[in-house]
Amino acid sequence: MTLARTRRIADIALLSFGLLIIWEAVSIAFGMRVLPAPVQTATRLVALLAKPGFLRDLRATGEAYAIALGLAMGGGVGLGLMFGSSRVLGETFEPWLHVLVAIPKVTLYPIILLLFGLGDAAKIAFGVLHGLPTVAIMTAGGVRSLRPIYGKAARAMRLKRWSYVRRILLPAVMPEIVAALRICFALALLGVLVGEMFASTRGLGHLLMASIGVDDMPTVMAVILLLFLFAGTGSSVLLAVVHRLKG
Amino acid sequence: MAQTAYTPRRTHAYSVVALLACIALLEAVCHAGWVRPTTLVAPSAMLKAMIVALREPATLADFGLTLGEVVTATALASLLGILTGLFLHATPRLRRAFEPFIASYYALPLFALYPVFVVVLGVGARPIIATGVMYATMSVVVATLTGLDRVPHVFHKVARVHRLNPFKAAWRVLIPACAPEILGGIALSVGYAFVAVIASEFLLASHGVGHAIVDAYNTFQTERMYGLVLALALLVVLINGGLRRFRGRVAEGGP
Amino acid sequence: MQAVLSLRGISRVFLAAAREPVWALQGVDLDINAGEFFAIIGPSGCGKSTLMDIVAGLLAPSEGEVIFEGKRVSGTVPDGVGVVFQEDASFPWLSVYENVAFGLKETGLDRAEIDARVRYALEFMGLADFARHHPPQLSGGMRQRVCIARTLVLRPRLILLDEPFAALDQQTRLLMGEELLRLWRETGATVVLITHALDEAAMLADRVGVMSARPGRFIEVVATGWPRARDSTVVADPRFGEVTARLWSLLRLESLRAMGRDFNNPTPA
């Protein structure tokens, strides 16, 4: 590792430490009861991870998130490939996706709740609603920016449609898909979480709201810490992967 | 090289036709009674409910309140964002250390902090505005940093030749030099602020459009709820659309 | 004559992360007299702009010192120093008038006085008709004139110009050179002009300093002996040919050295 990189990592570590100190200071200023401090929060998180009740909530969120992510990525890539390859489909339906991205999906939440009821389906729907349009748009963009030689080579080799998709199209669009994954990763999480906060009886989001209700701030902060660590790590890892792919 | 070129007119024609077809389909489905009216109402009923709702002074007051919160959040975020951007730009080492945090900022479920704000700041507009500020600030920071990066190096030198202290230099030279980028970032932040404010109002508010929608939902006034959602969606699309046009003009033309 | 600007043993090194340090300047000594017009020429990359930045106080020397009006220059740009840069530094969001008035806002002069000075400067630089225009609407030469007017209006005692006419065509350069002479005579300031154009230096200056290839230092100072009231017609004077011949013979060698120089071997000879 070069000196510069070591320095950077040291700087980031130093900054993280500094932020923790600021958190501690703010905690003291507002009072530990109102805003628990870092050590308190970490301790509570470790304690929670041993409790079966918490693990149930964690699992509920995790499952819903995994499904939402899978559906958003699968549906998004599928639609993106279609819209990118077919002019008619693309020109007709992609603007809808752009509008969907432009609208704060929050405004559609009540409608989702009406359509899916209160429960896991709604949560997953939120996650998919947040992630799918962006993935579709990015994938379609990737397909459209493909060099025409790929299509010509495929036709010259007389590849069947599915083979073409699997062996040429998908690998070629992979950088865009991974970039979309990075964004979808965060959006789906947000969607599922907010869905749980609004209307659910289990999951981390629900736990958050319930804890606020009984004034259990340490649990609130512990859950937030867990979520931030997960999202931050995932995002950084994926960013590194995207950089590596883009070369 | 693009395989397909988008001609705007044809794009619009196809999607508009498809959209109208969908709306007509919805209309038919609802009238045929295939869907429960407590779940989905016909587009025509949505429109009617929207007009009725917008005529009520209470609804207009709610919209005014929400817009007020969005504007306040955006204003605070802009100020905070510009100052932070200036500071980070002036301290390159600190900026480099911050970069991973900046890159991951919008990946974090920031909304989870809203309940914390409620506890710390009390109920009412303050935690809502705080959440809005939290979401909106980073886009202004990023825009300010990008803009400052683009300021020609010679401008910095001119400021020093005129012996301006750092604050005067920022105010009289640097910020005007990157005003287009900053304004673009602020326009973007309005969208973020809107999302945060509406979501907060859904959750724990007693006033505002979000609350009105939740209220209609809870009291099974489905048509009214759809009407309000439609009104809100149209408002936001108009505002965002207008801001995007503004950003485009500002980016090419300058002040 | 008292030297108003002294450079003593100026050196400047640039450290890059994984490469050898680059010595841009090494042991620069120079004395410039009050009210003199001094030109500096040298091959590309010899550190002329770096020297300018150091003299102006924009950059600190690694070794040595700059003395201006008896005081050491360090950290900040001293009072009474004006700089015109090679790049267009006019502010596009201000009108020509506002650009020129820019520096005066800090001085606490009253509006009438500011207005008088700005109008005078605009008049002097031939910009009076364009007071309300914005720089993007003007040509490159006019934008440089705005920058010069902006400097002039502060009545600097030392005017530094770093290849201000580099982006202009030859005719415009010659005319701008004459304007610069007018400016010089009018203000009575000391002028230091960096240029890569031999003829420009020979025509305008009282003395011309020739810099070596990197690491830069002065190898010779050639005096032209022109009268104060001169213009571009000095090119017809036989002395002009002698001066330019001398300058080129010095510069040619250094330019060849600069071009043949191994980029990875910048340590001082």
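By written order: A, B and C. Residues from 1 in each chain.
The rule we apply is simple: a contact is a pair of C-beta atoms (placed from the backbone, for glycine too) under 8 Å apart; a residue touches a chain by one contact, two chains touch by 3 or more.
Quantities reported herein were computed from a predicted structural model and do not represent experimental measurements.
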{"item": "Interface with more contacting C-beta pairs, comparing A-B to B-C", "value": "A-B"}
{"item": "Centrality ranking, top chain (CA atoms only)", "value": "B"}
{"item": "For chain A paired with chain C, centre-to-centre distance based on mean C-alpha positions, whole Å", "value": "56"}
{"item": "Chain A-chain B separation of Cα centroids, rounded to whole Å", "value": "19"}
{"item": "Separation of mean Cα positions, chain C and chain B [Å, integer]", "value": "49"}
{"item": "Chain B-touching residues of chain C, taken from the complex the two chains share", "value": "53, 56-58, 76-77, 79, 81-83, 85, 87-89, 91-94, 102-103, 106, 136"}
{"item": "Chain A-facing residues of chain B, complex", "value": "1-4, 6, 10-12, 14-15, 17-19, 38-40, 93-94, 96-98, 100-101, 103-104, 106-109, 111-113, 115-116, 118-120, 191, 194-195, 198-199, 202-203, 213-214, 217, 222, 225-226, 229, 232-233, 236-237, 240-241"}
{"item": "Residues of chain A defined as touching chain B within the complex", "value": "8, 11-12, 14-15, 30, 34-35, 87-88, 90-96, 99, 102-111, 113-115, 143-148, 151, 182-183, 185-186, 189-190, 193-194, 197-198, 205, 208-209, 212, 217, 220-221, 223-224, 227-228, 231-232, 234-236, 239"}
{"item": "Interface residues, chain B side, partner chain C - complex", "value": "152-155, 157-158, 160-164, 168, 172-173, 176-177, 179, 254-255"}
